[in-house]
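Per-chain numbering from 1; labels A, B, C and D assigned in written order.
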Amino acid sequence: MSSSQSWLLRPFNERSTQLFLGILIGAVALVSILHLVFPEDHALHVSAYTVTLLGKYLCYALLAVAVDLVWGYLGILSLGHGAFFALGGYAMGMYLMRQIGDRGVYGDPVLPDFMVFLNWQELPWFWHGFDMAWFAFAMVLLAPGLLALVFGFLAFRSRVTGVYLSIITQALTFALMLAFFRNEMGFGGNNGLTDFKDILGFDLRSDATRLGLFIATGIALAIGYVVCRGIVLSKLGRVSVACRDAEARTRFIGYRVERVQLFVFVVSAMLAGVAGALYVPQVGIINPSEFSPLFSIEVVVWVALGGRATLYGAVIGALLVNYAKTVFTGVMPDAWLFALGGLFVLVTVLLPKGIAGLLRRRKKADDDDQVTGQEVTA
Amino acid sequence: MTIKKHVKTGLSALALSISLNALAADDPIKVGILHSLSGTMAISESTLKDTMLMLIEQQNEAGGVLGRQLEPVVVDPASNWPLFAEKARELLEKEEVDVIFGNWTSVSRKSVLPVVEELNGLLFYPVQYEGEESSENVFYTGAAPNQQAIPAVDYLMNELGVERWVLAGTDYVYPRTTNKILETYLRDHGVAEEDIMINYTPFGHSNWQSIVADIKKFGSEGQKTAVVSTINGDANVPFYRELGNQGIDAADIPVVAFSVGEQELSGIDTAPLVGHLAAWNYFMSVESDANYEFIDAWTAYTGNEDAVTNDPMEAHFIGFNMWVDAVEKAGTADVDAVKDAIIGVTVPNLTGGYATMMPNHHITKPVLIGEIQDNGQFEVVWETPSTVAGDAWSDFLPGSKDLISDWRKPLECGNYNVATHSCGGAADEAAE
Amino acid sequence: MSILRSLTSLLLFLALTVSSVAHAQTSDSEATALLQALADSSYAQKEQIISDIASSGDERARTWLEAYADGKLSQTKDTGQFVIVLTNRGRDWTVADALSGEELGEMSRRNIDKLRINNALRKEVEGLLSVIDLTVDNADTRLAAARALKGEVDAVLAEQVVSLLTTEGDSDVRAALEEALAIHRVEQGDLAAVAVLSGSLNAQARVALNNAAQGDNPELAAAASKALESIETKLKLNSAAETLYFGLSLGSVLVLAAIGLAITFGVMGVINMAHGELIMLGAYTTWGMQQLLPGQPGLALILSIPAGFLVAALAGIAIERTVIQHLKGRPLETLLATFGVSLILQQLVRTVISPLNRSVVTPDWMSGSLMINEALSLTLNRLYVIGFALVVFAGLMLIMRKTRLGLEVRAVTQNRAMARSMGIKATKVDILTFGLGSGVAGLAGVALSQITNVGPNLGQSYIIDSFMVVVFGGVGNLWGTLVAGLSLGTINQILEPWAGAVLAKIVVLVFIILFIQKRPRGLFPQKGRAAEG
Amino acid sequence: MSIFQELSNRDRVFEFLAPAASPVDVRHGPILYLEDVSVSFDGFKAINNLNLTIDDGELRCIIGPNGAGKTTMMDIITGKTRPDTGSVWFGSRHNLLTMNEPDIATLGIGRKFQKPTVFEALTVFENLELAMAADKRVLQTLTARLSGEHRDRIDEVLKLIGLSQLRNREAGILSHGQKQWLEIGMLLMQKPRLLLVDEPVAGMTEQEMERTAELLTSLAGEQSVVVVEHDMGFVRSIAKKVTVLHQGSVLAEGTMDQVSNDRKVIEVYLGEGA
């Protein structure tokens, strides 16, 4: 019986999750097959270009899910999630840089190229360990996690809320962007990290690796979704909603609101980190512009478009907007910003519940008796 | 006159190709254009897109290349670096273009580079850059540091007798590298450390008060002082404004800029800047028929009497003509054939001379020093006696002084180390 | 030493003009010969020729030299005639004959061959002109010329200066000349002259003293270094004052940019991400005005103050009516919607006007700087901006405290429902408030057009700073915004010298983040509804 | 997932977060004890040298005109507001002034707001579930499972507050009265030692009032109850001992009859025009 299961299993007997996972896995499988089975010139062939593109979308989708978790269910509008995304990306980027080894243009076995020609003498301390995959991948989670922990601890402890919180999350990512632009920081400044060769020994240029990354991203999204869903369905999820709607009340019935917020915030940050880490090898570069506040805001809009507090809505939003972006920047570049801007306005004004809101209205009824059914059998 | 020449070659090529195979004449040669049309870089890059469209149009009117029409494929990477890589992939994999003209910022080039190498495309990069790169698939028609920075410094040192130096730049790789090179260069020429002041500011920096004040102090120690500015784009307007207002005029402390061209000046009230310098390989004010022809064509194309031309546009002009010649030389637009054919190709530039593609994929350019006029134009006050060949690897950086680049057989190496006689770290790629 | 040569020849010339009759007029042929020489010779030779022209005794010499210095003296390619360019915009330039001075009408740019000049020569010519200026009636011109002489005086000129001193009446000019003379004398090792220079803030004087202090003459060295000490302490004070000024001016910019936000944000709880673009509109209005009134940048600037206000205000009201009013009580949604609006406005400017920056001319009375002393001068444009910011602030304070609107606004801020029940039309108040806030943004734009780029990205670069200022100061509190803006500006400028521009900014941001932890409602927390965010 | 470790460790430090069985020490009589408490909001003294003692298991009514400081007093007890001076003790061991809302709540003080506040986005059932006395640390909450007896307990309360039919409806749709009941229900789920009830019957019908009266009186005994109410009828119906607050301090204390005959009290109320 659902509510007596472990929190991670609960999502699986929820219709929407089953549907979501079904579609996701199906789509990923289909793309992979079309890519592998059909020859280059065949009409049904999916090119490596498309596969990578889709992989990128999925990364964005995961990021959107992370944002929805804190915004939708905790009521914290983070305008700084790009920071966690980028940190995860940099952790991965540093690993990939170290993998280049002596294949850089200067053939320096240790130092990345940008350090050589800005004649750095040795590797900065924070670059050590990133030659080991396990360490780097741990950092993908830890770096964003720790930042979120420290930042969140300060913010939530002193009950910074609403607009103020949004603004300082923006300040956070803005400060980080400026910092990473500085070449002294040792992260390659504006050029960031690029020219990656291979990951875990697989050549990043081979289509097989690309497909692998795409599938990995699909799996990551599935897991991320289930984790978030699990949290949402757990009692903690309900407490989060309680914090969102009546913070004071939640305190008076004995919950430490700031702890709840901190926990969910950190989890969300780590998910964003994972998204970033998968993003970098697929697009082939990480640079401080990922920290730009505008990017973070854009992510929030994906969520708003898809429908806040639904998780799957976030995914829909991310995919739609980015697909639109790809199309528009191709056919009518000048109109792109008009379209995006118009979208923001229309969605927030006319469609406060987002696309998911539209879907929901129809599904509402059977959702209800599903719940009652569950209670009755209790 | 260049145009006429191309009409001729075009026609002859047309006749030739028709006689050879009428089939080939049908499908056009695709030319990818990869410049940001939205976002922060649109300011600089959108005009380059138009330049390419103009050149392609002219070429087509002249009968195309090998009798095939040229078909431009324009995409918008929206000033977003990962998007550059993605769009490059789109151009090469989906559109299957035969050549790409594009990019402005270093980071966008770095982001595109792996894609172009992987899919064996051709990229013509038209902007002055920091060097320290030589890819088999990229042709650098902009200036390398030794084609801009070093001659400019020579000019200041020898003609103006400058003894103290301020190296002011935006904090990204081009200024960083250029200043590293200049620093070594100046030290080699006996400039003491305390006579060099280096300063970096973020992109779009707008509050120059204290920095300009420092420069003023630094310059008031008696010896002749000059500012070498690698300040990028938007930050320049407030910088020059502040200079003007704090009463630093060109006669006392001249500023020589590497990133300020006619187009940037069109957005500045130039009155207070008269006499400040810029180093380029082309100025709109250069007096040559080729240039007049180009300017006329450009104003006609844009339908704007006051439309300005600038150095990167000339670079595209040269790059495009080199590519056309190479294609005709090779008799095909096939990448590998063109890559081999283009080395040694010589075409007229807009300053009345000629540009040759060197084996290291850089070209020969004259270096001009211009003084800003109150009408937003530059007046050439000095130029190198002959053209200078671009040097991919600077001799003034410890990491790269032993490296050379030569893409001709048998060496075919972008970073050959003359000390160890090995082909740098890129060995395995060169082997492919 | 070129200056020396030219000046000696000049003195010759002065003597000549005095002695000879008023109409010292070289024949056109000689003049043409001189100019031709100037055109053909190398830069090295040009020096000589300039002084020849100066000493030719031709009264047109000054015009020629000035034109030459401005790069207006040219020769036509076809006829080889010497002309002075009057306007050099566009492709055809209007010119006048250099010899007769008569207008020749338009001429293709490509037919005009400019007589080459470089900075060295320009300095030379200006030197010559300034010495001529020493003898004109206008005291300010003389003062400027005298100041220019500092560090340029040499043996020959020294005598000239001495003789000038006997006739010079204006005290400032005298002081300047004496100092210029003293610099020369100290260089010559004259102990008495050191006294004149002690306390002087002139860079050249400092150089002279420095050399003297290093010099081998012990007592001179002692005196010099003593003089230097007094100068150093003075300089320290001045640079401190300078930093403060820089801080204030940066602060005033921040205040201008943020104060409109403080109103919309504070009163209506609307997070207007399009605020930056409203600033941009104000800046573009200034540009537009200058296009409408070519040649009168000053007037245009003044007119664009009300115009900028109106444009931005109307735009703001439009936004309020079309978007924001549908999002009552959903501040975070307004953030998203207005962000969309900002994107649209930006792209609109790009497509309608141009993606390129527009050049806004700074009127003469705003360019240059106000010289307090030779070590400290306040740049005029920023001085005006500081003043402007204070005026705007005072104005807003008046509106808020003294007018009916202000009263209603404050009422709505305190308690929307209550205010409404007391018959205040909250919607009307909203429209007016938002219009006001946006209008102020427009004013900020007008001011910024004198400091930075006028381009599509103008807004973006200020929006985040503005929010920081408002949040730091305490939402809905104008005083808070003022204090916050000025203090953040000053902190930034104090940090910048030793931290560098980027770090300074980062430090300030981190400081704000931590500060918000301590005081979640900002410097001056506000009681009442709006504070609930 | 070391972050998770990190978090849970940081939680375990706090002993008093341990589940229900409240450690309140009432061996020496009073369960709540306020002494010389004063608090003022920019100049205005909301509470002025307030002294108040609630015995264990007592049912106390507190009345007083508007602005007498009733709600402020509750804020102080529940840790929402910190007094300027004075001391507040829960039992003889816990100094409430050193604790924050959640600690105080878990310690066994339940509060019902004047304006009923329930979690409108959650169902009635979930509202009660959240309120239920349990281990409320983050990870425990995440992994919490709903056992049979939990359900039974919730069902019990649902019956008690008469919302069984609406258990799966979102609390947002409830009527004002129903919200009042739900909030009381949430109080019961907390198993508090002391209930602070602010105007429980506002917006209730006669019958509902009676039921509330029964409920509260039945609670008194094993739990102590403090009721703040304007409705004199209701107070009379339940009160054994009444405290009258005026201008932030106790004006009178005693049985309903005593206070209602007290001159000062009458003065105040008439003076207030009540």
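Everything below uses one rule, namely that contacts are C-beta pairs under 8 Å (C-beta built on N, C-alpha and C of every residue); 3 or more make two chains touch, one makes a residue touch a chain.
Being a predicted model, the structure only gives us computed values, none of them experimental.
**Q** Which touching groups survive when chain A is ignored?
**A** Leaving out chain A in thought, the network of contacts falls apart into B, C | D.
**Q** Roughly how far is chain C from chain D, centre to centre by C-alpha average, rounded to an integer in Å?
**A** Roughly 66 Å separates the two chain centres.
**Q** Go ahead and note the Å separation of the Cα centroids belonging to chain B and chain D.
**A** Computed from C-alpha means, the inter-chain centre distance equals 75 Å.
**Q** Using mean CA coordinates as chain centres, what's the chain A-chain D distance in Å?
**A** Whole-Å distance between the two chain centres: 43.
**Q** Give the residues of chain B touching no fewer than two other chains, as numbers and ranges.
**A** 38, 171, 200, 202 - these are the residues of chain B that touch more than one other chain.
**Q** Residues of chain D that touch two or more other chains: which are they?
**A** Within chain D, no residue touches at least two other chains.
**Q** When you check chain A against every other chain, which residues touch at least two of them?
**A** 178, 181-182, 334, 337
**Q** Give the pairs of chains that touch; include all such pairs.
**A** A-B, A-C, A-D, B-C
**Q** Once bound in the complex, which stretches of chain A touch chain D?
**A** Contact set of chain A toward chain D: 3-7, 141-142, 145, 149, 231, 234-236, 238-239, 241-242, 244-246, 248-257, 259-260, 262-263, 266-267, 270, 368, 371-372, 375, 378.
**Q** In their shared complex, at which residues does chain C touch chain A?
**A** Listed in rising order, the residues are 265, 269, 271, 273, 323, 326-327, 330-337, 339-344, 346-348, 350-351, 460, 464, 467-468, 471, 475, 502-503, 505-506, 509-510, 512-514, 516-518, 520-521, 532-533.
**Q** Could you pull out which chain B residues touch chain A in their complex?
**A** 37-38, 74-78, 80-83, 85-87, 89-90, 93-94, 105-107, 110-111, 113-115, 118, 132-133, 171-173, 176-177, 180, 200, 202-203, 397-400, 403, 414-415, 417, 422, 424-428
**Q** If you look only at chain A, which of its residues touch chain B in the complex?
**A** Within the complex, chain A touches chain B at residues 47-49, 52-53, 56, 102-108, 114, 116-119, 178, 181-183, 189-192, 194-196, 205, 283-285, 287, 289, 326, 329-330, 333-334, 336-337.
**Q** Which residues of chain C touch chain B in the complex?
**A** It is residues 70-71, 88-91, 110, 114, 116, 118-120, 122-123, 126, 203-204, 206-207, 210, 242-243, 246, 249-250, 253, 347, 350, 355-362, 367-369, 377, 379-382, 451-455, 457, 461, 492-493, 496-497, 500-502, 505 of chain C that touch chain B.
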